[in-house]
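Next come two complexes built around subunit A: one with subunit B, the other with subunit C.
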Partner chain A sequence: MAINNDMILLEEQKKRTRNKSLTILLFLLPSLLVYLAFILYPILATFNYSLYDWNGMGDKVFIGLENFTTLLSDSTFWTALKNNLYLVLVSVFVQVPFGLIMAIVLLSKIRGKKVLNVIYFLPYLMSSVAIGLLWVFMYDPVKGPINQFLNIFGIESVHWLASSNMAIIAVLIVLVWQFAPFYMILFKASLVGIPEEQYEAAEIDGANGIQQFFYITLPSLMPTIVSSSILAVVGSLKTFDMFFIMLGGGSGSATEILGTYMYRQSFINFNMGYGSTIASMMFILALLSTVIILFTDNNRQKRSGLK
Partner chain B sequence: MRPGNLIQKTSLYIFAAMLLVFSGYPFLYMVSTSFKTMGEFFDNPFSIISGSLTLDQFASVFEMGLHTYFINSIIITVASVAIVVFVSALASYPLSRMKFRLNRPLFVLFLVGMMIPVHASLIPIFMMSNELGFYDTLFALLGPYVAFALPISIFIMTQFMSDIPVELEEAAKMDGAGHWKIFSKVILPNIKPAISTVVIYNFVHIWNEFVFALVLIQDKGNMTLPIGLQKFYGEFSVNVPGIMAALTLSSVPVILIFILAQEKVVKGLTSGSVKG
Partner chain C sequence: MRKLYMLLISLFVLFLLAACDEGDDASSGGDNASSDGEIVLDLWHFDPGARMEVYQEAVDRFEEKHENVKVNVLQIPNDDYKQRVVVAMSGGNPPDVFASWGGGWLEEFVDSNKIKDLTNEDIDYDRFIDVAVKNSTFDDKVYGLPLGIATYSFYYNKEIFAEHNLEVPETYDEFLNVVDVLKENDVYPLALANQPKWPGAFYLMYFADRLGGEDVFQSAYRRTGGGFDDDAYVQAGEYIQDLVERDAFNPGFNGIPYDSGQGRQLMYTGEAAMMLMTSGFVNNVREEFPEFEEKMGVFGFPVIEEGNGDPSNISAGVSPVWSIYEETDQSELAVELIDELTSVETAQGYVDKSSTPVAVKGVELKDEYVSIFTEWINKANSIQFPYDQTLPPELGELHKNTTFDLFGLEVTPEEAAESMEAEAKKIFGE
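== the complex of A and B ==
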């Protein structure tokens, strides 16, 4: 009798676990399907396509890793990578600090903060396309406000978008304009979280504003600085819109970034195989940089934890 | 006031003002130009208030087809956001409130999506839409828009859901409620702030999305605002006030949302990174 009862209980438990698994599966299914169909499968397919010589319509010719070896000796790829590196540097060392300054200004005791807050944030809300087109006119060599402004100081008009070096700088400035407000929001959130008492204590100890910044504010912001940097690096690898809109086809391969080069190869030259190779590279780089940053941050946290 | 404070205060205001000009002037230029006639623009491109304050540019922009882009953008944005909210809420329920072996790996798998460059999926999605016959329809955008919005949405939703006290769920269980009942009657009503955060965050991003629309849409009648604007620029680049009017109009919805629901936007941006 007792054994029988136990078996019934066991059966029942099994049934319940099966029911539970089914419930979990049903709740997750829609997301999993969408994710599988539009992210996971496409990434695998991209890696697969990268092994072929293929124009997107005709037959695929398997060529192994030839696309990758071609890529490594493709000077445009290296130019694009270099431009992406500039993007990373400007993101981390200009956009992020800019955002921090904006946040500090907005949290200080000044008048009109509400209005400033909205206006500082506006650029982030516009589409890259709208921003890009707006700034094409801002940079206009004849009627653009920027050159007119420079003229006031006797500086000659610059053909911002014509020469490749200038063009990259011009686009980078626009990207600072667009993304600094994003980091501003992140820093504002974490600045608010720093307890007021720490500053009061420092004030009593006679620390001035600059000392307070370096000994209290900056260390407390470290986690945000790290996550901002991750977002900046990954975001830089994703960049496409602004370069495409402002320079699309304009100044040639010197202003190419990985995103625009991938697009050009795939959807203008119809080298879908080669385009997939560039796309695979972008994926690998995004993954690698995230892993590296997380790993270094982990070490940093461990070190400060041991102290 | 100590002299040090005065210097600090003054430099603060100078900083604030410089940033104000940097952030605000391009907007001012855009909006004020869109109220000018072509003649006024060429005579005096920098005046902030034009003599005529004409609305002609806005009218002509609609005549040239901006409204089609507007309607398309509204349709695809609303549809994508609605699906994202529903689907990500469903997935977040077991991920945040149930123990099972694959919980953590699945959660991480979804989160990894945040760092994936869209380019890595662009060609296969283009191929798929061709094979399935969706190419050059608004529908082709739905899949990728929902998929790439999922990671951040699931991240925000799970955070809110795990904060709901277990007692609420337990009480419902005592009354014999199944998981679907608990989800719809207990969990959903308690994560309204998360839902609105997800809605607003994704609205802004999908409204402005460019790459997929560029690759998957060709016909003018199916274009969303971002590619429509680009097209517009290609065709009427001489008509600067007209383009500025189009840019201004295209930005209005998102800016309105921000002014009406600032904290939600902020919440969406910060939850994706500060805690992460």
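== the complex of A and C ==
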């Protein structure tokens, strides 16, 4: 009898879970629909287009993977990819640490925190177009404030946006300035979440500020650092606007990035098929790097016994 | 239960795919009739300011003649415009009538059967300047009606010239002398905002024309024996780099956008003395810094004495060119609309308000600059249209990139010419 009762109970429970999942699914349906229509379908369509020789309007000619083989031997693609990699490096190793430093400064016991808070966050609130134009004037070779500032110290004017090497650095500076506040917000939120007791205990054990940072703050922030890095990597692989605004969509092919190259091929050169191939490549690269980051993090957690 | 989920999901996917398919079909072709029987025509163009007003006046005249017709005019800024039209043509809802620059860009749509052939429509072709119509004629069929012709020439500051006892240079040697004198007196001889790449490309066009004549481009483009690696192109690259090495331009010119106005500011403030620009510059001056107009003068590109080019040749760009979408439901009305948009009356308004000559004959010239520019057009032995608008888009883009790199001293003239010719061979299949 007891067994039978248990069975019935189990059945009931199963039924309830089923009902629950059905409700959940129904609630998810609207967003699932939006996701399918506006995210999944375009991605699949892009992959589909990338297999054609197509100018965007006329007849599509199926050419299999020819676009991909052309892409791999296309020197502009590799230049663009190289520039994107600089961007990834700067995002992960400059932008994210900057965000962390700013967050720590804002949570420390200093005066004028409120003012700093506003100043730090301001760049992130402005639109990219406005920022781009603003910095074009800042970088002006003759009248730009930056060059005039350099001139005070006897340093010769730098032609920031004119030469290809300098142009990339110039845009990277702007991107760091624009996006570091975003990571600052993320770090601030998770810094607040670290229990005060841990610091108190560490203090009793005689840990100094630096030790506290490396043994308590940093490990507790690890999940945020990982998700920030993913955002930074994916964001810099698919970025477009600042380069387009400040360099006019790649001044010469030396400053092309994947985003601007895709735009140029699709909409200026009428190679919609080839442009889709570049877009697909960007998607694959972003996906791969995300998987790699998550995988490494998983390993790290296993090693440190968190899982 | 699991089956039910699968069923639900597959139903939604099906629904979705159906919706997408439907979307593709429903959106092609203009849905011109609105609910109250009014016929609506969509018109897209890219010109702001005074030119926009001129088009609006033409549209108003057209609407007066056709009681039941409404024209939706949409002005889209230059950079966005090309992309919007491509997307609309490839699947969205293309405009019935739209503006372009003719040349290779328009031809790309013609090749995909998106543009209406206007050759046998009821249009009086005699009123147009022939060479301007040729810009939108492909395989002897006309696909667009031209309105404006913007000429490219030097603008200079008369005050600065007087101050240093300089005269308007007629030959290139005199021009170089002017450059050197200005340089010695700490004035930037030439203002250049080359980030969008077309301002620098004007120099290459003019040098190639003055050195080798108009046939250099024609035979390279038509593939009748010449090529983009012609000596004239290599030499033109050398002339450009010679100017760069003389410090003839303002510093950092390759990083300065044209639209944001820093290049023009150098002219307005007298820091730079000359600028090679389109006739649209006159309008910029009037809108941005009217005080400059009294100091301003114009002169054509100097003659290169050892070159073979005809000194009367000029470079100019046709814009706008009005075309009609092939599958519009209202093709008769659309033809009438573009006829009105290029009528003598519209052209008169365009000349009066935009300081730019027109491709339409029979207008009265009141503006002194338009009179000068129009005289150049009438006297010209040949008119060179900008390469990036004439050539197939990919080659045009490469031309701008290689010229940009020539200015940046990042490639040699030989390398630039060779990479142009290699791409041309790939595109024209030779």
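The definition used in the following text is that the second predicted complex is superposed on the first by the 271 of 307 C-alpha atoms of A that agree within 3 Å, B and C clash if a C-alpha of one lies under 4 Å from a C-alpha of the other, contacts with A are read in each partner's own complex, and residues count from 1 in each chain.
Keep this in mind: contacts are C-beta pairs under 8 Å (C-beta built on N, C-alpha and C of every residue); 3 or more make two chains touch, one makes a residue touch a chain.
The model shown is predicted, which means the values in this text are computed figures rather than measured ones.
Engineer: Based on the superposition on subunit A, does the combination of subunit B and subunit C result in a clash or a fit?
Structural biologist: clash
Engineer: Using the superposition described at the top, determine whether subunit B or subunit C touches more residues of subunit A.
Structural biologist: The partner making contact with more of subunit A's residues is B.
Engineer: Of the partners subunit B and subunit C, which touch A:F243 in the superposed model: first, second, both, neither?
Structural biologist: Neither subunit B nor subunit C is touched by A:F243.
Engineer: Between subunit B (first) and subunit C (second), which, if any, makes contact with A:P141: first, second, both or neither?
Structural biologist: Second partner only, subunit C.
Engineer: On the A-aligned overlay, A:S164 touches which partner chain: subunit B = first, subunit C = second, or both, or neither?
Structural biologist: Second partner only.
Engineer: Go through the superposed model and pick first if A:Y274 touches only subunit B, second if only subunit C, both, or neither.
Structural biologist: Touch partners of A:Y274: none, neither subunit B nor subunit C.
Engineer: Which of the two partners, first being subunit B and second being subunit C, lies in contact with A:S253: first, second, both, or neither?
Structural biologist: After superposing on A, A:S253 lies in contact with subunit C but is clear of subunit B.
Engineer: Between subunit B and subunit C, whom does A:R264 touch in the aligned arrangement: first, second, both, or neither?
Structural biologist: second
Engineer: Mind working out whether A:S127 is in touch with subunit B, subunit C, both or neither, as first, second, both or neither?
Structural biologist: A:S127 sits against subunit B, while subunit C stays out of touch.
Engineer: In the overlay, answer first, second, both or neither for which of subunit B and subunit C A:F179 touches.
Structural biologist: neither
Engineer: With the two structures laid over each other on chain A, which partner does A:Y52 touch: subunit B (first), subunit C (second), both, or neither?
Structural biologist: Neither partner.
Engineer: Considering only the contact definition stated at the top, list the common interface residues of subunit A for subunit B and subunit C.
Structural biologist: 32, 37, 41, 56, 133, 136-137, 143, 263, 266-267, 272
Engineer: Considering the complex alone, what residue numbers of subunit C touch subunit A?
Structural biologist: For subunit C paired with subunit A, touching residues are 1, 5, 8, 12-13, 16, 19-20, 82-83, 86-87, 89-90, 108-109, 111-114, 195-197, 250-257, 260, 262, 265-266, 271, 393-394, 397, 401, 404-405, 408, 410.
Engineer: Please name which positions on subunit A make contact with subunit B in the complex.
Structural biologist: 20-21, 23-24, 27-28, 30-32, 34-35, 37-39, 41-43, 45-46, 49, 56, 101-102, 105, 108, 110, 116-123, 125-130, 133-138, 143, 145, 148, 177, 181-182, 185-186, 188-190, 208-209, 223-224, 227-228, 230-231, 234, 237-238, 240-241, 244-245, 258-259, 262-263, 266-267, 272, 275-276, 278-280, 282-283, 286-287, 290
Engineer: Looking at the complex, which residues from subunit B come into contact with subunit A?
Structural biologist: Its residues touching subunit A are 4, 8-9, 12-13, 15-16, 19-20, 22-27, 29-30, 33, 42, 45-46, 86-88, 90-91, 93-95, 98, 100, 106, 109-110, 113-128, 143-144, 146-148, 150, 154, 179, 183, 204, 207-208, 210-211, 214-215, 225-227, 229-230, 233, 240, 243-244, 247, 250-251, 254-255, 258-259, 262, 266, 269-270, 273-274, 276.
Engineer: So in the complex, which bits of subunit A are touching subunit C?
Structural biologist: Residue positions touching the partner: 18, 22, 25, 29, 32-33, 36-37, 41, 55-58, 133, 136-137, 139-143, 157, 159-164, 167, 247-248, 251-254, 263-264, 266-272.
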